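What follows is a set of structures for review.
Two complexes follow with chain A in common, the first pairing it with chain B and the second with chain C.
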Partner chain A sequence: MATLTIGVFPGLVGNMAYDFALKLAAAAVDKGHKVSIWFSGNATGSVKANQKHLKDYSTGEKHLKALLEKGVEMCTCEACTVARGIQKPEGIEGIQWNAMHWYLAKIHGADRVLHIGGE
Partner chain B sequence: MKLGVFVSDYTITVDTLDRLKAEKLGIILVANGVYHATIKENGKTSPLLDKTPNLYVLSEDLQTRGIAESDVDKRVKVVNYGDVVDLIFNEYEKTAWL
Partner chain C sequence: MGDVKLAFVVQRPQYKGETSRLAITHAIAYQTVEILLEDGDTVTPTLCFIGEGVLGLQKGQKAMDTYGITSTETHLKNALLVDLDVLVCKEDLEKYGIPEDSIPDAEEMGADKTIRVVPFSEIQKAIEDAKHVLFF
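Moving on, here comes the complex of A and B:
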């Protein structure tokens, strides 16, 4: 068992890189690794609760909740999130809110890091 | 350093890769980057495929684009998400995302 930290910066809906990050996280957990995900930039929109899951529409909430249940630790950049008009009570339960130092600490402690830049 | 580079777009040219110095370079084609493994322009394959012998393409992203594995350049190994996890942990200590 090893640790993987993924930094996810691209937007949520329709973004292939965002979709890739979540699928990779799921695959890594299924192989017994410990995964943490940091959301920054436009990816922080994905921590807003009550997303309607449309069939052919890439969406975060359903997949994020599944990853939470699998033990993936997730944190959103508080500054980026409130900058986009999303307040903490509106967030998906179980996703942490913190500043960049959370991500840096995870990077420092991880065996592997994948940083997926934004748009 | 063993570096695994995720190429997620078809428009990415090789000059970025030319600047990366790695003891072992792996190129992992995902999202629209999978077209590097299948498309020929003016009869030539993508110059990315000449950068390293360690070439991989994500099967799920081939399938979503209707690309058959038989259309993939023989130099490129078809992998799934589980294989990508193994590549990250076992083959490449650093990763980059292009």
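Moving on, here comes the complex of A and C:
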């Protein structure tokens, strides 16, 4: 089985690329692959806990928690996150906070990298 | 595993969105990645600007004065200071009428590297040499 690193940059709300990234991660881990996810840019807004799932909007928290339970390692860019007014105690438990080198380190060990760009 | 070469390919203009800037800052992060890797393991990104990605790279930027944010010019200089390879597509600069001498360097800061304006074929080679290619 392979090691997959996914970089997620688009925001949770506004396009479906974020949803795609999480569903892809779930599918990969279900097939037995080892998956890690890096959140940067607008995607970091999705790590805030206590999201209300309104049916007209995508939700991150429910899917992120499910991925954590499956053993997916996830990390948010600390600078991107605090710049959006989200502090670490407000974040979803289990998601790491680190600097951009975390993503590069995961890429180093990855068989495949999927970089899902923002905007 | 040793060194892993990466190509960061920037296709979007600076300042229009965030990810074109994040390409530069993520590439610069290579200088500290070793704290998370085994001894002898390294990551070497090459930062490539193509298409609309060549827009917003010129020197003389006043982003700090105008917006209160670090300019792309400063980020590029920092990239040179940490010895990143930075390539800008010559054909795309010509397409937009941007003179090569408008591209900044960091000589005054003591950087050994300069931004290299190169034909796309050289950027393609950097992409082919990379284990992973990331499009920003």
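Definition applied: the second predicted complex is superposed on the first by the 117 of 119 C-alpha atoms of A that agree within 3 Å, B and C clash if a C-alpha of one lies under 4 Å from a C-alpha of the other, contacts with A are read in each partner's own complex, and residues count from 1 in each chain.
Criterion: contacts are C-beta pairs under 8 Å (C-beta built on N, C-alpha and C of every residue); 3 or more make two chains touch, one makes a residue touch a chain.
Just so it is clear, the structure is predicted and the values come from calculations on it, not from any experiment.
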| item | value |
| --- | --- |
| First (chain B), second (chain C), both or neither touched by A:N42 | second |
| Which superposed partner A:A110 touches (first chain B, second chain C, both, neither) | second |
| Touched partner set for A:M100, first chain B, second chain C, both or neither | second |
| Contacts of A:G118 with chain B and chain C, given as first, second, both or neither | second |
| Chain B versus chain C as contact partner of A:Q51, first or second or both or neither | neither |
| Touching partner for A:T81 - first (chain B), second (chain C), both, neither | neither |
| Chain B versus chain C as contact partner of A:A2, first or second or both or neither | first |
| A:D30 touches, of chain B and chain C: first, second, both or neither? | first |
| First, second, both or neither for A:T59, with chain B first and chain C second | neither |
| Shared chain A surface residues [contacts with chain B and with chain C] | 112-113, 115, 117 |
| Residues of chain A defined as touching chain B within the complex | 2, 4, 16-17, 20, 23-24, 26-28, 30-31, 33, 111-117 |
| Residues of chain B defined as touching chain A within the complex | 6, 8, 30-32, 60-61, 80-82, 84-86, 88-89, 93-95, 97 |
| Parts of chain A lying in touch with chain C, wherever the complex brings them together | 7, 9, 40-42, 80, 99-105, 107-110, 112-113, 115, 117-119 |
| Chain A partner contacts - residues on chain C that touch it in the complex | 1, 4, 6, 12, 16-19, 22, 25-26, 28-30, 32-33, 35-37, 41, 43, 45, 132, 134-136 |
